[in-house]
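Chain nomenclature is as follows: A, B, C and D, assigned in order of appearance, with residue numbering initiated at 1 for each chain independently.
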Amino acid sequence: MDVDKKYFSNITTRERAIFEGAISMGALFHQFVGTPVNKYTKNGLEKSMEDSLRLQPAIEDVNVKIRFDKLKESMTEFDYTSLNGDMLDVKIYAKVDNVKAIIRIEFIEELNYPLMYVENITED
Amino acid sequence: MDVDKKYFSNITTRERAIFEGAISMGALFHQFVGTPVNKYTKNGLEKSMEDSLRLQPAIEDVNVKIRFDKLKESMTEFDYTSLNGDMLDVKIYAKVDNVKAIIRIEFIEELNYPLMYVENITED
Amino acid sequence: MDVDKKYFSNITTRERAIFEGAISMGALFHQFVGTPVNKYTKNGLEKSMEDSLRLQPAIEDVNVKIRFDKLKESMTEFDYTSLNGDMLDVKIYAKVDNVKAIIRIEFIEELNYPLMYVENITED
Amino acid sequence: MDVDKKYFSNITTRERAIFEGAISMGALFHQFVGTPVNKYTKNGLEKSMEDSLRLQPAIEDVNVKIRFDKLKESMTEFDYTSLNGDMLDVKIYAKVDNVKAIIRIEFIEELNYPLMYVENITED
């Protein structure tokens, strides 16, 4: 079966790149929020999140930073906390044919909300 | 702050509708997969998934069906199972200005995979 | 197969009740943290969490309260937030033969941590 | 505050070890089920699951094996799948004072279910 032809011929290449990147950003947030984390496991968890999401269709690269300031803010008596959305600073690079879209999540103080948006989109 | 102007002026209305719907579809899958479910709790869980996702930006409606045949297939000795992606048949209706996008997930036998795609997109 | 005899004869009835209740408490936290919620969907989500967890072995009842004060604290510009552990006030009632154990999670200010513990355990 | 005295004096040391291990097993299952995985990311994901859970109270060690045969069974057209409970073969080592409990999950064919149980418990 030609999946692209059958299921994706109703949208443009730009739209497809945005679609795939956005799916993966929603996935990343809701898969990993709640995971126990502290400063010693932060780097390993970031890498594991990157490697998992990179498996999804059209995802070329993923860059995850768990914000250390937010991690410290919510630290508990037990020297770890649960990953929450406010800690996430992530870029997902989706590529479909000649289009590259960077989907971003970052915490925006003014909204008190980790916003997901299309940071950049380019066509070669 | 004008969030739309600041963060979303680089994409079209169609692209935005696809973006928001896709975020929510990735979210739905990764938030709820793993939830204990059986035939008695199926309807309540479907409704709770719909109500949760409808809160997200630009989501106008959500229709969740947990496939009963797939539910039965994976039923255990203990009369319940864990929700998995193959059971999901979901439509998310995203609306941005005059554009409506329907994002769908359904299990495709030929791919052995629950595919997410844009089922329909219209401009009034 | 006699599951109880094969897999659980090395622990007491009290220990089994604690075991099953604790499994379900860990499950509840990590399954549902991250779910979008606001004051309108709070009750429905509480019920769905209760119904799901009640399916697990030895769970007789589940009582979930999403703390409204904590919900308001983390409310965003978009009129909803993600469920986090600090909002959870939950009792899980596990019963094995004549033993009943109540497993509790509640946010403890002094620890800045949602603590899970055995609130009560009784033998008839 | 003496957490142990205030919240855990109503249960024995054995019971506490079982409690903490069981919490972490429920957590592990419901946190990570749904994560994208294939044969290349399997080892990294196992390590990340181990490192995360080891942060929780009383957890001394965690050993995660993602069953390769189950991983292959559910492989898709896209060369990855979502982690599910049937793939999990995990031992969590909880230690409280002189008691060590090994909490295990493994898929039991006869039950068509990934069973969690206390594999071993010893007092020094």
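Throughout what follows, a contact is a pair of C-beta atoms (placed from the backbone, for glycine too) under 8 Å apart; a residue touches a chain by one contact, two chains touch by 3 or more.
Note that the structure is a prediction, hence the values are computed from the model and not measured.
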{"item": "Chain pair, C-D or A-D, that carries the greater number of C-beta contacts", "value": "C-D"}
{"item": "Most distant chain from chain C by Cα centroid", "value": "A"}
{"item": "Intercentroid distance (Cα basis), chain C paired with chain A, Å", "value": "29"}
{"item": "Intercentroid distance (Cα basis), chain D paired with chain C, Å", "value": "18"}
{"item": "Centroid spacing, where centroids are CA-atom means, of chain A and chain D in whole angstrom", "value": "26"}
{"item": "Shared interface positions of chain B, touching two or more other chains", "value": "3, 27, 29-31, 34, 77-78, 110-111"}
{"item": "Chain-level touch network, classified as line, ring, star, complete or other", "value": "complete"}
{"item": "Sites on chain A touched by chain D in the complex", "value": "3, 27, 31, 34-38, 41, 44-45, 47-48, 51-53, 55-57, 77-80"}
{"item": "Footprint of chain C on chain D - complex, ascending", "value": "1, 3, 7-8, 10-11, 14-15, 18-20, 22-31, 110-111, 115-118, 120-121"}
{"item": "Interface residues, chain B side, partner chain D - complex", "value": "29-30, 33-34, 74-78, 82, 84-85, 110-113"}
